[in-house]
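Note that chain A is present in both complexes that follow, paired respectively with chain B and with chain C.
This part shows the complex of A and B:
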């Protein structure tokens, strides 16, 4: 084997090894901050692995959502944890708690072993050299309304998966708002550097988000990637000290949050009512319908992610 | 190997050398400020060489434009974030290394 065929294998080997080590450090670091940094590094390496596997759509989603936004959410959560007062515990209570913890340590170990065994069985029982469903997707792509097979699967062939994912995100935000209470620390003045950077980057990010949404029909991109970039702009604005005007956080914010889910649900109900299957597009209008559903989903997912970062529930009405 | 390929390879190798130097600095330097210095300075120059190398190789003005855009965005983000980290460390009272 000559050097040029060996090199990609070495690269993949190093990537795989780094992934395992980063995953271990992310879980095993005693300091939460180190764990989060390792998790973000893991996301970046993972996206390189997806690129090597010829899956640029997943690589984009992984780096934008997995590494970027989840990392920002985790860091925000950590800042809140450090700001909150730790609950006072008497020594005997804490000793008892530690004993109980030690007693039940084998429970997660057992569960993990069962999951590992199940996964091993599933991988073992897979047929060797299965082409999967890619042939079926390729055969029907002309009727899907888009030419990017990933978008065709996500929005058309298995559109109900995407519908449920969007609803899950909305549920997550509702849960966070229900917990509420912890007000975010007032940011000290962001300083001129972050301020200028935000002013320069926000229009670029908005343009990129729109491009990813538009390009998703033909090439890697789509609603989730576009939403992640949109949310990145929002998080940057929040970090720079910008807060939405109270007039916008009442009804308008909630309308934007539910726009995507409502449009998806309305479309699903329409398809059933007109005697088609759930989310079965009429082929001639499929492209246009997918674009509008994706646009609404992008807006809703992006704003939901920003609201998750802000975490505190904005008041229902102005002046409350 | 055509002359332009040779130039591209040389530029890419110089870029990689700068990245390596920056990483060594990140690992070996004593405090957060000197580490930031090593990382951002060498990464910016290293990325400049890599981008130039790729631009020479690409043979399309459209790709050259996209590469330059990437370089400008990384320069802006890298320099700003380095400032933010150093500023945050200074505010938290992380003292500077002295011999």
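This part shows the complex of A and C:
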């Protein structure tokens, strides 16, 4: 085997090993902060693995959401946590108990080794070649209205996945608000670097989000990636101390939050009422319909993610 | 071994690593990290198995499902973090109550 065919294998091997090591350190490091930083690095390494697996759409989503937004959420939660309980627990009694517990850790380790062996055997015994549904997708892509197969699956062939997903996002936000949300954070001065960076980056991120939405029809990108970039801009603004005007957090915020779900539901009901299947697009208008649904979904998902990051329940009515 | 099978095996490893940490680590933030690592492992298995097409383009259906999964995972993580912070506010501890029978 010459060096040129060996090189990708070495690269894959290093990527896989780095993934396992980073995941191990994210879960085993003594300090939580180190663990979270390792988890963000793990997310970035995952996106390299996605590129190696010919999945640039997932790589984009992973970088923006898996590594970026989840990391921001975890760090924000850690900051609130250390504000709530400054001293880390570890009394002598609990240390003693930990030592006795550690003795028994080989029991789950042994069981999980068996699970791992079974799963590895199952994966290994799968046939090496299996086209799956790619032939069906390729046969129908011309009628879907878009030419990026992943967008075609997400918005057209399995559009109900996306419909249910935006509903799940909305449900998560409603659950957070139902719990009463979190108390508002002290706004500390962000410092000149973050201030300037936010001013420069926010317009760029908005533009990038619009581009990803537009490009998603033909090349990697789409509603989720665009929404994640939109959410990143919102999170940056929040970190720099910006808060939406109280007049906007009442009805206008809720209208934006439900715009995507309502449009999706209305469309799917229309398709059923006109005698088609659920979310079955009429082929000539499919491209336009998908674009408008995606635009509404991007806005709603982006704002929902920002609201999940803030996690503060807005007042029920203006002026209350 | 093909790249698809290799990454699927890495995904299995990540899933089990996360499951182990979910069982043995007590801190809730660490448990949330562990669930996220488990999820990444599952996504890796899904997308790696979609790559079993030789030199042709991979199967887009599992890829689309993984993208959906990533967004659902971040929503669940955000909710779990708020639940944890509420628990800390109520009890002062970031761990689940220990129900050992004395």
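Please note the rule applied: the second predicted complex is superposed on the first by the 273 of 320 C-alpha atoms of A that agree within 3 Å, B and C clash if a C-alpha of one lies under 4 Å from a C-alpha of the other, contacts with A are read in each partner's own complex, and residues count from 1 in each chain.
Convention: contacts are C-beta pairs under 8 Å (C-beta built on N, C-alpha and C of every residue); 3 or more make two chains touch, one makes a residue touch a chain.
Just so you know, these numbers come straight off a predicted model, no measurement behind them.
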Using the superposition on chain A described above, determine whether A:49 touches chain B (first), chain C (second), both, or neither.
second
Which chain, chain B or chain C, ends up touching more residues of chain A in the combined arrangement?
C
Check the residue A:197 against both partner chains and state whether it touches chain B (first), chain C (second), both, or neither.
first
Using the superposition on chain A described above, determine whether A:74 touches chain B (first), chain C (second), both, or neither.
second
Mind listing the chain A positions that touch chain C in their complex?
8-9, 12-13, 16, 19-20, 23-24, 26-28, 32, 35-36, 39, 42-43, 46, 49-50, 52-55, 57-58, 61-62, 65-66, 69-70, 73-74, 77-78, 80-81, 84-85, 89, 105, 108-109, 112-113, 115-116, 119-120, 123-124, 126-134, 137, 149-150, 152-154, 157-158, 161-162, 165, 168-169, 171-173, 175-176, 179-182, 222, 224, 301, 304-305, 308-309, 311
Chain A contact footprint on chain C (complex, rising order):
2-10, 12-21, 23-25, 27, 29-30, 32-34, 36-37, 40, 43-45, 47-54, 56-68, 70-79, 81-86, 88-89, 92-94
What residues on chain A touch chain B, complex-wise?
191, 193-194, 196-197, 200-201, 204
Name, in rising order, each residue of chain B that touches chain A in their complex.
73, 76-77, 80, 83-84, 87
